[in-house]
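In what follows, chain A forms one complex with chain B and a second complex with chain C.
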Partner chain A sequence: MKFRCERDVLVEALGAAGRAVANRGGALPVLSGVRAELEGDRLRLTGSDLELTIAVDITVAGSADGLAVLPSRVATDVVRSLDSGSVEVSVEGDEAHITSGRFQSAIRVLPADEFPRLAQPTDDAVTLAAADFAEALHQVVPAASADDARPILTGVLMAAEGHGLRLVATDSYRLAVRDLPGASILREGQSVLVPSRALRELERLLGGAAEVTLRLGEREATFEVGGVRLTTRLIEGEFPNYRGLIPVSHPNRLTVGREALAEAVRRVKLMAREPNTPVRLGMSSDGLELIAITQDVGQAHEQLDADYAGTELTVAFNPDYLLNGVEVTPGDEIVLDTVDAQKPAVIRANGGNEFLYLLMPVRVS
Partner chain B sequence: MPPQDDPPACEHMFVHEEATIMHADLDSFFASVEQRDDPSLRGRPMAVGGGVILAASYEAKAFGVRTAMGVGRARLACPGLIVVPPRFHAYSEASRAVFALFEDTTPLVEGISIDEAFLEVGGLRRLAGRPVEIAARLRARVRDEVGLAITVGIASTKFLAKVASAVAKPDGLLLVPAGTELAFLHPLPIERLWGVGPATSERLRSRGILTVGELAAVPGNALASMLGRGAAHHLNALAHARDPRRVETGRRRRSIGAQRALGSRPHTPAEIDTSLVALVDRVTSRMRKAERVGRTVMLRLRLGDFSRLTRSHSVAEATAHTPTILMAARALLESSGPLIAERGLTLVGISVGNLVDERAVQLSLPFDAGSSGALDAAVDDIRTRFGTGSVTRAVLLHHSPSLEMPLLPD
Partner chain C sequence: MRVIVANCSVDYAGRLSAHLPLAPRLIMVKADGCVAIHADGGAYKPLNWMNAPNRLVEGDGVWTVTNPNGEKITITLVEVLSDSSWVLGTDPGLQKDGVEAHLQELLAANCTHLAEGFRLVRREYPTDIGPVDLLCRDADGVTVAVEIKRRGEIDGVEQLTRYLDFLNRDPMLRPVRGMFVAQQIKPQARVLAADRGISWLEVDYDELRGLASNELRLF
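Then we have the complex of A and B:
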């Protein structure tokens, strides 16, 4: 294998594929490497930890086809250290030579025949606008759990809903739901559970792209953005039945400017110094008052103009969960619907129905 | 607290008015655990160590075997010394069990190391009796439930309590009554004071200062010229039994637990379950009283062959809800069923960790509805009004309502 390409292009491709490379290879040492396959002028770089696989295609000036597995960390560090300009890579025997200007290096490669075979996706594809899908991920993925003890909640549910696609994630304290109307990719009633880790990586890849192609299979989901293909194993299991949790009636409705509320929460939460100190929202016909108190540290109040219809009520929330919900809700005004101080609250855009953020209060006494 | 007679003399001005500080210190800790677990080592000179001695049994200490001594030298001093390799897991397990008893004795526990702690038992008189009675009960429980000897010193200051336990060793209990601190302290050799090592000892002894009383009589300036100002100040205070430090519990406790020795006869699963129910009930009601909730349920077992095991499980949401904790505890017990059937069970304990303040609990979405705290609240309320035994679980009927000593709030 031998090719020549721009240093900047190669750095970016190695970096993207490298994000799926397992730490230290795990059980399979060859997985600490990036598989490089050259056919004509097309170089495909693939990193995988068996759960997540990222393959990047770039165009290079190829002079000899071939296949090799380069140690990811070393190869990336070496190429990144070079000045911009042309880089030559050639593999002979068990060494890869990386040459640029007067710099030369020889890196021992990993056994290419041990790299797992990765199947080509055959599922039906649907193409969406990258910006819409990126926005949906930005809204939903943060609500997924990071606790590996509850694997189901580390996933994002993608389900057919009406004639569109619905994304749902919850860490059991809050739940985010986003509908993408018109994106009919799954059969009615079909759903898949995609690891949030893969979707965080996908979010990074979507910036600046025009389109994303989705293939949702039985065991794997594949996303293609530009020359990058990301494949992830799906999580098996039953996502909690969230539908029954969304309150149907809302005796109390607060309508408030989104940015004003976000700013106020950011300021007031500075006085919520202990891990589980909540921010209290006092809602009355006078508007909204935010309060945070940490014993022996201090307190903060802020009064906000807001419309409120309902009985006078104070509800406490984890400030980070609240702020996240407010930040990812679209529109200039949001509505906060509450039942009482211990039932789920709902945040939506005023007049918008495509996104919903369900948030459990903090019980204070 | 009974009224004191005359106010203490000015020398005593930093001394607490009552002896309520306990220093509890396990005797030859590592060696005692080995002797406990291997009957062939009992009554014989033995030590735990590799290249050096980490701990020596009292039988070996009698031959002059000391901690940190090289094994070769120890064998010279004590021919026939048995040296076993350390089993740190067993020691930390024993330590946890003993500290659980400390915490069951008083909420004010300041751990110093794996095998010693200060306990403040002032204010427990109406609930648990005088400090001497509390200490005697603690020593009995450590012996019965953990199988180890522990020495307790009781005094009005931390320093004196520690000196008292050192004097009382092994397997002893010594009270230095309030008002007699100096009479106790002054005849002791100066080496008993914290901070008097070989160098200081040498310097003082060369000037004819052999006892704490003689040290106390040396004017501060003269002592400072001998030892430097810092050391002089420190030793002068100790020699006058001035030690204002309180028992520091540090941060709020991270777990609440209780355990019960079951005796060595065989137990039916139903009997074991009954004990578990009682323990969970006790722990969760203590948690609710302390306004704490926790996620991690830990089951601690001692089997008939004295081996120990712990199993833990984390529930979804921090709780003090009795049925939720009991369900987790029962599942843990069930997973150990085959081992219990094979070896028998002599002690069961339960604790709940990862405690957080119940006054601000992040609620969870009710994916699995149906768990409610209403019953617990009602039971707690009745117990508060009519006493602990007024309401109990049906399986606990006809069982002695409480074999455990009363507790301060956590």
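Then we have the complex of A and C:
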């Protein structure tokens, strides 16, 4: 295998594929490498840890087709260290030679025949607008759990809803639901659970792209953005029945400027210094008061103009979860619907129904 | 443990040279031969020290400590303010985490946290290969061996499997089923446990201690 390409293009491709590379290779040391396959002028770089696979196609000036597995970390570090300009890569025997200007290096490659055969995506493809999908991921994915002990909650549910697609994630403290009307990629009643880690990587790839193509298999989902294909294994299991968690009616409704609330939470939470220290929202006809108190450290209050309809109420929330919900809710104004101090509150855009953020309060004395 | 408080100066020669000028200091000579010179500050690190094996020669006002690497500490004692020796015996070791033992204690005190109708037969039930954390009877009277860990990993399941193998040889107990209990159980350990017919349970330490979390959950 032998090709020549621009250093910047190769660095970006190695970096993208390398994000799926297994950290230490685990049981399969070859997975610590990036599989490079050259056919004509098309170079495909593939990294995988078997759960997540990222394949990147780039155009190079190919001289000799071939296949090799380059150690990801070393190869990326070497190419990244080079000045911008042309880089030549050639593989002979068990060594890859990377040459640029007067720099030369020889890197021992990994056995290509040990690289696992990866599933091919199905033919059924649906194309979505990348910007809408990226926004939906930005809103929903942070609510997924990072706790591997509950693998179901580390996934984002993608389900057919009406004539569109619904994304749902929860870590049991909060729940984010986003509808994408018109994006019918699933059959009625069909749903899949996609690992949030894969969707975080996808969100990173979607920046600036126009379209994303989705293919759903029985066990994998594949997303294609430009020359990058991301394939992830689906999580098996039943997602919690989230519909029953959303209160049907709320006696209290607060309407407040989104950015003003976000800024106030950012300031006040600086006095929530201990883990599990909440920010209290005092809601009355006078508006909204945010309070955070950490014993032996200090306290912060901030009063905000807001419309409130309902009984006077103080509800406490985890400040990070509250802030995340406020930040990802669209629109200039949000509504916060509450029942009481111990029942889930709902954050929505004022007048908008496509996104919902359900947040459990924190119990305070 | 010999504890000396003295006005002394110390010179070290070895990988580098170092000098501690005359000042009051604490000198410890431990039972294993380690010598450490401390100032009146800092939590743990001596100003100078030499690990065992070494050779301590007590001369007239001058001690020399040497080791096989050619390093040498010379302690010049100008005035000894205190010199006492104590037999401390074998140290029981640092207990970094008492959670596991406390979990066992709490679950033994209330087996129904494990499952409805559970009764405790014995804590630390002996087998030929070591004691099982809890031996219980379930609501149907079936014997249940319970292994308790803070973090449930595959080796804990393996350990319980070995206990079950031995316990099921006892005609008075068998059939004995297993239950693997931890604050958090790794997915691989769950799969292995399920594959071997062992049930598993995650328990909330704070809840068992009666410390209700102020964090409410959706489900």
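We take it that the second predicted complex is superposed on the first by the 364 of 365 C-alpha atoms of A that agree within 3 Å, B and C clash if a C-alpha of one lies under 4 Å from a C-alpha of the other, contacts with A are read in each partner's own complex, and residues count from 1 in each chain.
By our rule, contacts are C-beta pairs under 8 Å (C-beta built on N, C-alpha and C of every residue); 3 or more make two chains touch, one makes a residue touch a chain.
Just so it is clear, the structure is predicted and the values come from calculations on it, not from any experiment.
The superposed arrangement places chain B and chain C in clashing positions on chain A. By the document's definition of touching, both partners, chain B and chain C, reach A:364.
Looking at the shared chain after the overlay, A:151 reaches chain C, while chain B stays out of its contact range.
In the superposition on chain A, A:276 contacts both chain B and chain C. Of the two partner chains, chain B and chain C are each touched by A:172.
Of the two partner chains placed by superposition, A:63 touches none, neither chain B nor chain C. Chain A residues in contact with chain B (one complex) as well as with chain C (other complex) are 149, 170, 172-175, 240, 245, 276, 278, 318, 342, 344, 358, 360-364. Residue ranges on chain A touching chain C, taken from their complex, read 148-149, 151, 170, 172-175, 240, 245, 276, 278, 318, 342, 344, 358, 360-364. Chain A makes touch with chain B in their complex at residues 149-150, 170, 172-175, 240-242, 245, 275-278, 316, 318, 342, 344, 358, 360-365.
Listed in rising order, the residues of chain B touching chain A in the complex are 291, 314, 316-317, 356-367. Taken in their complex, chain C has these residues touching chain A: 184-187, 202, 213-219.
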